[in-house]
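Report on the structure given below.
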Amino acid sequence: MAPVSIDNGLMVAWALFVLGFIGVLVRRDLVFVLMSIEVMLNAAGLAFILAGAKWGKPDGQVMFIFILATAAAEVALGLGLVLRFHHKFKTLDTDAASKMRG
Amino acid sequence: MGARELIALLPIILISVSAVLAMLATAFIKSESAPAYVSAIGFVIAFISLFVAYPELPRAVTPLLIMDYFSYFYIGLIILAGLAVSLLAYPDFKKRGVRQGEFHVLLLLSVAGSATLAASAHFASFLLGLEILSVSLYAMIAYDRPDIKGLEAGTKYLVLASVSAAFLFFGMAMVYAGVGTMDLAGIAVNGIGGSISALAGIAMILVGIGFKLALVPFHMWTPDVYEGAPSPVTAFVASASKGAVFALVLRYFTQAGIHDTGALAYVLLAVSIASMFIGNLLALLQENLKRLLAYSSIAHLGYLLLLIAAGGRGAFIAGGYYLAAYFAAIIGAFGIISALSTGRKEPRMLDDIRGLAWESPWLAGFLSAMLLSLAGIPLTAGFIAKFYIISLGISKAMWWPVIMLIINSVIGLAYYLRVIAAVYERPQKELFNAMQTGAEAGKISLISGGVLAVLSVITVILGIYPPLLLKIIERTL
Amino acid sequence: MENLFFLIPALPILGFIALALFGRRMSAGAIRTMGVGSIGFSLLCALASAGQFLNAFQAGRPWVQTLWQWFAVPGLAVSVSLKLDSLSLIMALVVVFVSFLIHVYSAWYMDGDEEYGRFFAWMNLFTGAMLTLVLAGDILLLYLGWEGVGLCSYLLIGFWYKEPANARAAIKAFIVTRVGDTAFLIGLFLIALKTGTLDIAQASTSIGAMKASGLPTLIAMLLLGGAVGKSAQLPLQTWLPDAMAGPTPVSALIHAATMVTAGVYLIARMNAFFVLSPVAMEAVAAIGALTLFLAAVSALFQTDIKRMLAYSTMSQIGYMFLGLGVGAWSASLFHFMTHAFFKALLFMSAGVIIKAMHEEHDIFKIRKKLLSGTAFPVPPIAFWSFLTGGAALAALPFITSGAYSKDMIISGAWTSGHVWVWALALAGSFLTGLYTFRVFFTVFAGTGQSVYSFGGKRNLLVLIPLAVLSVFSVVAGYIKSNIIPFLGMVLPAVAPVKGEPFIVYIAPMLLPLIGIALAWLLYSPRAKATALKAWAEAAPLSGFFLRGWDFDRLYDFLIIRPYKFAGRLIQTDPVDLIYSLIAVISGLFHFVLGTSQTGKIRLYAALIGIGTAIIITWAVLF
Amino acid sequence: MLALLIAALLAGGLLAWMAGRVKPLYARLVSLASLAAAAALWAVTFALNISSLGKGQFISGFKAAWIPQIGVNIHFAADGLSMAFVALTIVLGVVAVFSSWSEIEERTGFFHFNLMWVLAGVAGVFLSFDMFLFYFFWEMMLIPMYFLIAVWGHEKKTYASIKFFIFTQASGLLMLMSILALFYFHGRATGNFTFDYFTLLADKAKPYFGAGTAFIVMLGFFTAFAVKLPAFPFHSWLPDAHTEAPTAGSIVLAGLLLKTGGYGLIRFVLPFFPDASARFAPVALALGVAGVLYGAVLAFAQQDLKRLIADTSISHMGFVLIGIYALNPVALNGAFIEMIAHGISTGMLFFIAGTLAGRVGTRDMSRMSKAANGLPLWSVMPRLGSVGIIFALASMGLPGTGNFVGEFLALLGAFASSPVIAITGSLGLIAATAYSLRMIRKAFFEGSKPTEPAGVRITDFNAREAAVSAVMILAIVWLGVYPQPVINTAGPVLARLIPTSASAAPGRQAGYIPGGGAVQPCHNFTKCSLKTTPSGFAAVFGKGTKWAPGN
C-alpha cells in the first residue's frame, strides 16, 4: 500500500473541517452542534498530525493531544450546559436561545 | 528550565497555585468568602511577583513562553483586571445569592490562561492558553445557574468560541504544514513563503483572533454574551480576554511587519474600519446599557486593530496605553452596572439609571469618567490613548483611516453622551424608579465602590500625567 | 471759550446721564430744571463761543479742539475732535436755540406725563447728539452723532410705547435712516481708504488731489445716501410722516432743530467732495426737486395736521437739497435756519391746538369741534403763531423769513441753469401756499368768534417760546446780508451762468400768493369753488397722494415682505437639516444593523464562515 | 504667574464644590474669591510686563515638561492678545457668577465647579503655547460646559448639550489631525519633534511642507475654529446650546467659548499658514458675509429671546471672520475689538434674557407681558429694560459702543481687501437694526391688553444686578469711545501675526479655490490695492469695483 500523500491527507482534513462546520450551521440540536464542533476540532488535529508527518517531527502529534484534551474539556462543559439548556428551554433547539437580540 | 526561568514564570505559577488553593478552599472551608480571599490575595501576590521577577527579564521559558517586559506589562494588566473583577464579583454574587467558590477558581484559571496567551511564543502555548481561558469563560458566563440569560449567553459563547477555536487550530495546522515550524517569532520573522495553504492558515488564525477580539464580522456574539453574563464576568470578557489576544497579535503581527504586506494589511484595515462603523452604529441608539457597551467594545477593538495595520514602534506605545485606558474604563463601566444591581436585577436599560447623579453622585461621577475615557475626552486616559492612535496614523500618513476613526469617535461620543445625559437628568418622579437600583437602596458595597474609585482615579491620572504609564510601556519596546 | 466749546454738546449729554440715572427719583420740578437747564447752559456756551468767534472773525480761522484719541490702528488714526467754523457755528446756534425753546415748551406740554424724566433725558440726548454731529471735526465723530440722532428719534417717536403704532413708526424711522447710514458708512470706508484720514479738513484737502478719478463722485453719492435717509428725501422719505407718532415737541425737535437737517448739514460739511463731482451735485438737486414736489402734493391731501406739517418739512428740506445741488450752498443753510424757526413754531402751535382739542389731529374734526364749541377754545397765541409760521412756510414775500431764504434757492436754481429743477421748485412754491393755508383756513377761518382763553398752568412756558419764535420767523430774513457772506467763509460759491429776468425774479413771490388765494377760494367758510374742492378730494388719486405716493406699499412689497418671508423660511435654520439628516441616516443604519442581531447562534456561526471565506479569498487572491 | 492664574480657577472650582455642600452661598463666594485671585494675578502680571506687552512681546510664563516622550510641555505664556482675552474671561466669569446667584438653587457647588473649570479651560486656551496643551484645554473646557447645559439647562438640554459637544469634538479632532501633521512634518524636516508653538512658528521660515499639504492642514485648524466661532455652515449647534443653557452657561458660551475660535484663527491659522490663509481668504470672507446675513435674518425670525440673541452671535462672528480674513491690521484689530465687545454685549444680553426669563417665566417674547398682567414690561422694570436696550443697541453696532468700533474697523479693513464683501457685510448692520429693535419692542415695549394693572409682582433689577450692569455698561461704552488702551494691548501682536506679503506673493501657486483667487495680505491698509490678486476675488465673486484705485 502506497503511503498516503500529505496533500491528500490535508484534503481529507479540509473536507472534515468543512463538513463539521456545515454541521454546525445546519443542525439545530445542540448535541449535534457540539458533535460537529468535535469533528472540526478533530479535523484540525488530523491536519496537525499530517503536518507533523510532513516535516518529520512529533510536534504535530503533541498538538493533536492538546486539541484532544481541550476538546474533551469543552465537551464536558458543553454537556453540562446541554443539560441545563434542556432544563430551562425544554428543547435542544439552539434557535430557542434567542431571547437577547437587537 | 532552571531556577531563573521559574522565577520569570512566577506570576503564572502563582496564579495557578492560587487557583488550586481556591479550589481546595472551596472544597474544604465552609466560609463562602474564603475562595474570594484566596483569589484576591493570589492576584495581589502575583502582581507583586512581577516586580520580584523583573530582574530576570527577558527570558525565554522553554520554547513555549517568552517572558519579557512586553509580556509582563500585559500580564500585569491582566492580573489587575482579574483582581478588579474578583473584587467586583464578590459583592455582586453575594447579592445574587450565588456561590463564590468555583467562580474564583475559574477566574484564576482564566487569568492564568490569559497570561499564558500574552506570553506565548508558540502555537502550543497559544492553543493551551486560549483554551484554558475559553473553557473557564464558558463556565463563568453561565455561572449564575438560575439566570436563563446567562445560560443562553454561555451556550452561545461555547458553540461559537469552539467553532472559532477550531478555525484557529486548523489555521495553525495549515501554517505548520506550510512552514514547518510552530514558533511564532520564527513564523513572524521568516514569513510563510509563498505557501498558499499557509496563507489560508494565517487567514484562519485571523478568524480565530477576530472572534476573540469581537471584530466584524465575528462580532455577533458580543452583545448577547455581554448582556447575558453577570456584569463582573462581562467586564472580564471585555477586558482581559481581549487584552491577552491583543498582546499576542500586537507582538507578532507587528514583528511580522504585517502592515507592509499589502493584502493582509488591507484585510486588517477593512476589518478595523468595519468594526468601528458597525460597532458604533449599533451602539448609537441602543437603550440597553450592557449591549451598548458591548457594541462600543467592538468599535474600540476596531481602533486597536488600526494600530496593527499601522505597525511600528508607535503601535506598541499606543496599544499599551490604549489597552490600559480601555481596561480601566470598561471594567469600571461594567463594575458600576454590577454595583447598581440588586440581586439578579441589573440596571439594564438607560431608563434604569436615569437621574442616577441625584441618587448617587459619586457613582455617576465614576461612570462619567469611564464613559468620557471611552469617548477619548481630555482629563481621562482615553484621550491620551486616542491621541496616540491618531498620532500614529498621522505619522504613517494614513489619512483616510484616521478620518474614519475621527468620524467614529464622534458617533461614539454621541452615545456615551446620551448615557451621561441620562445619568444627569433631573429625576422625574414618574419616569424614575423604573427599577430600584442599588444606589437607591443604599446598598453599594464598599468593595465595589472602592474598586470603582480606584479605577476612576487611574483613569483621570493617566489622563493628566501620561508619563507615568508611558515610561513603563517604553520599557516593553 | 476756545477750549470750552466742547461744553456745547457735553452739557446736554451730561444732562441726559443725570436724568437717566436719577430721573426716576427726581421731582417734576427738578427734572424740568435739569432738562431745560442743561440746554440753557449749552445755549449760553454757544452764545459765548459765538461772541468770541465773531470777534476773531477776520482771521477766518476755525477753532479745533481735539479731546482725545478715539482709536489708532496702523494706517488710520481717528480722534474725537470738535471744530467750530462759521458753518458749524450757525448750525449749532440754531440747533441749540430752537432746541432750548422746544425744551421750555416741552416742560409745559409733557407736564404730568408719567415718564417726565425719561422724556427729558432723551430730549437732552437728542440735542446732545445733534450738537456732536454739528461740531464734529472728524467724520467718524459726525457719524456717531448721526447715529445718536437716529437712536434718539427712535426712542422719542416711540415714547408712548403703549400704542403699538408708535412703536412701529419708531422702528421704521430707525431702520429706514439706518439704510442711508450704511451708505454713509461705506462712503466713510472709501474716504478712509483713499485719503488715509477721517479728519474732515484733511480728507477734504486730499480728495481735491483726486479730482480726475471717479472717486469723489462715488463718495459723494454714498454720503448723499446717508443724507437722504436722515433728511427724509427720496427714496428714503417714508419714515417721516409716520414719525408724527411721537409727542409734538419731539416732532418739533426732529423737524426743526435736529435729525432731518442733519442731511443738509452733512452735504454742506462735506462740500469738498460734492463740488468735485457734477454728477453728485445734479443728483442732489434732482432728489431735492423731486422730493419737494412729491411731498408738496402729498401735503395737499393730508387731513392730519401733523402729517401735513411732516410733508411740508420733507418739501422744505427738498428745497435745501435743491439749493445745495445747484450750488446755492449758503442759501440752503440760510433756509435751514429760517425753516428751523418757523417749523418749530408751527409744530408748537399745532401742539397747543391738538392738546386743546384733546389729541385731535384731523383738521376737519378740529374745525367741527371749534365750531360746535365742544372743546376747549384755542388760545390766541396758537392762532397767531400758526398764522405767522404758516406765512413763513408759504414764503409770503417781504415780511416772512421763509421768503428770503426760499427765493434765494429758487433763483439759484435758475441762475445755475437748472430750468426743470427751477420749474419744480416754483410748482412747489405754489403748492406750499395752497396746502399751508388749506389747513389754516380749514381750522381757523370763521371760528374767530370763540372766546380765546388758555386752559392750563404754566402759561409762560408755552407763551415765551411761541412768541420768540414768531418774532424770529419774521425777522430772521432780514439778516440775510450778514449771514450769507459769513457762511461763504466755509461754503463754496458758484458763479451764476444765467441772468435773472424779471419774471424769474418775481415768480417765486407771486406763486405763494396765488396758492393762498386758491386756498381761500377752496377752503374758506365762504368758499366758492366747492365743486373743484370736491373733485380734488374725491379724485381717484387722492388716496394715493394721501399715502405719500404709496412708497410704503412699494417697499413693503419689495423689501419688507420678502425679508420677513426669508425670515420665516429659515426660522428653523435649514442648514441644521443637513446635520439632522446625518443623524437620521446614522439612526437608520443603527436599526438596519440592529435587525442582524437576531440572537440565533447559527446565523452568527454562518457569519464567521462567510467572513472566513472572504478573508481567505482576499488573502489568497491579492 | 499665568499657571497660578489657571490653578486659581481650578482650585476655586474644587473648593466651590466642597463649599457648596455646606451652603450654596459659600460656593458663590468661593467662586468670586477665586475670580478675584485670578484678577489680581492678571493685574500683577500685566503691571509687571506692561512695557513688553506694549511692544507686542511675550511674557515668558511657566514651562515644564509634561509628556517628554513626545515633546509635550506645559507652557503658559502670554502676549497682549492673550492678556486681553484672559481679562475678558475673568470679567465675564464674574458676570456669570452673579447671573446664577438666584437662578441656580440646585447643586450649586457642582455648578460652580463646572463654571470655574470652563473658565479655567478658556483661560488655558488663551495662555497655552504648546499645541498639545492648547488642544488639551480646548477639549477640556467642553466637559464642564456640557454639564452646565445638560444639568441646569432648559427643556431640550440633552439634545442641545450633546449637539454642542459633538460639533466641537468632531471639528476638534480634525484640528488634532492638523496639529499632529504639523508636529510630524516639522519633526521630519528639522529632526526636532516638538509641539512648542514658538519653535514651530520660528521654523516656518524653512517651509516644512508643500503648499498643498499646508492648505489641507490649515483646513483642519480652520474647521475647528470655524465651528467654535461659529462660521456660517457650522453654526447650527449654537442656537440650541445657547438657548438651552442656563444663563451663566449662555454668558460663558457666547462671551468666551466663541472667542476661542477667533483667537485660534488669529493665533494659529494666520501665522502658521500665511499662503494658505491668503488663498483661502475669499472663501472665508464669503462665509463671514453669509454668517452675518444669515444670522441676522435668523435672529429676526425668532420668538425665543435667548435664541434670538444666540442667532445674533452668528451674525457678529461673521464680522469677526471677515475682519480676520481681510488680512490687514485694521480689520484684524476690528475683529479683535469686535470679539471683546461682543463678549461684553452678548454676555450681558444673555444676562438680561436670563434674569428676564427668570422673572416672567418664559423666553417667548410674545408671552412675556402676561406675567405683568399684559402691561409692557418696560412699565414694571425700567431698569432692566434700560440695560436691555443699551446692550441691544450695542448689538446693532451703534457708535459709542465697542461693537461699533469693532465692526467699523473690520469692515473698513475688509473694504481694502474686497469692497464687495465689505458692502455686503454692511447690509448686516441694517439687518442688525431690524432684529435689535424688534427684540426691544417685543421684550419690553409690547403688551397684550392689560387685564389688571395692579398687583403685578415682578421686581426690577436688584442692587446686585444693577451694579453688574452698570459696570458692564461702562465697559462697553469705554470700548466705544476710548478703545485705544485695548488696541494698544493687542495691536502690536496683531500686526505681527498678519501673514507677510512676501511669502504670499500673488499667483505663486495654483489656487485651490475656483478662480484661483487670493486676498493679498497687506500691512498698511491705505497702501493696499483695492483689487485682490489679478485672478483673485473678482473671478470668484464677479466683478467687484469699477472705479480706478486712486493710487
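Think of it as A, B, C and D in the order they're written, each chain with its own count starting at 1.
Here, contacts are C-beta pairs under 8 Å (C-beta built on N, C-alpha and C of every residue); 3 or more make two chains touch, one makes a residue touch a chain.
These numbers were taken from a predicted model, which means no experiment stands behind them.
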Most central chain, judged by mean C-alpha position against the global CA mean: D
C-D or A-C - the one linked by more C-beta pairs in contact: C-D
Inter-centroid spacing, subunit C versus subunit A (mean Cα positions, whole Å): 96
Whole-Å gap between the CA centroids of subunit C and subunit D: 36
Separation of mean Cα positions, subunit D and subunit A [Å, integer]: 65
Subunit A-subunit B separation of Cα centroids, rounded to whole Å: 26
Residues within subunit B bordering two or more other chains: 152, 155-156, 159, 163, 167, 223-224, 286, 414
Shared-contact residues (touching 2 or more other chains) in subunit C: 594, 597, 599, 601, 605
Residues of subunit D engaged with two or more neighbouring chains: none
Inter-chain touch pairs (all): A-B, A-C, B-C, B-D, C-D
For the subunit B and subunit C complex, residues of the former touching the latter: 152, 155-156, 159-160, 163-164, 167, 196, 199-200, 202-204, 206-207, 210-211, 216-218, 220-221, 223-224, 262-264, 266-267, 278, 281-282, 284-286, 411, 414
Subunit A contact footprint on subunit B (complex, rising order): 123-124, 127-128, 131, 134-135, 138-139, 142, 145, 148-149, 151-156, 158-159, 162-163, 165-167, 169-170, 172-174, 176-177, 180, 182, 197, 223-224, 227-228, 286, 288, 291
Touching residues on subunit D, where the partner in the complex is subunit C: 163, 232-233, 235-236, 239, 294, 297-298, 300-302, 328-330, 333, 376, 378-379, 382, 386, 393, 398-400, 404-405, 408-409, 411-412, 415-416, 422-423, 426-427, 429-430, 433-434, 437-438, 441, 445-447, 481-484, 487, 491, 495, 523-528, 530, 546-548, 550-551
Subunit D partner contacts - residues on subunit C that touch it in the complex: 20, 24, 68-76, 80, 118, 140, 143-144, 146-148, 151, 154, 158, 161-162, 164, 167, 170-171, 174-175, 178-179, 181-182, 185-186, 188-190, 192-194, 196, 210, 213-215, 218, 563-564, 566-568, 570-571, 573, 575-576, 578-579
For the subunit B and subunit D complex, residues of the former touching the latter: 317, 357, 361, 372, 377-379, 383-384, 387, 390-391, 394-395, 402-403, 406-407, 409-410, 413-414, 417-418, 420-422, 424-426, 465-467, 470, 474
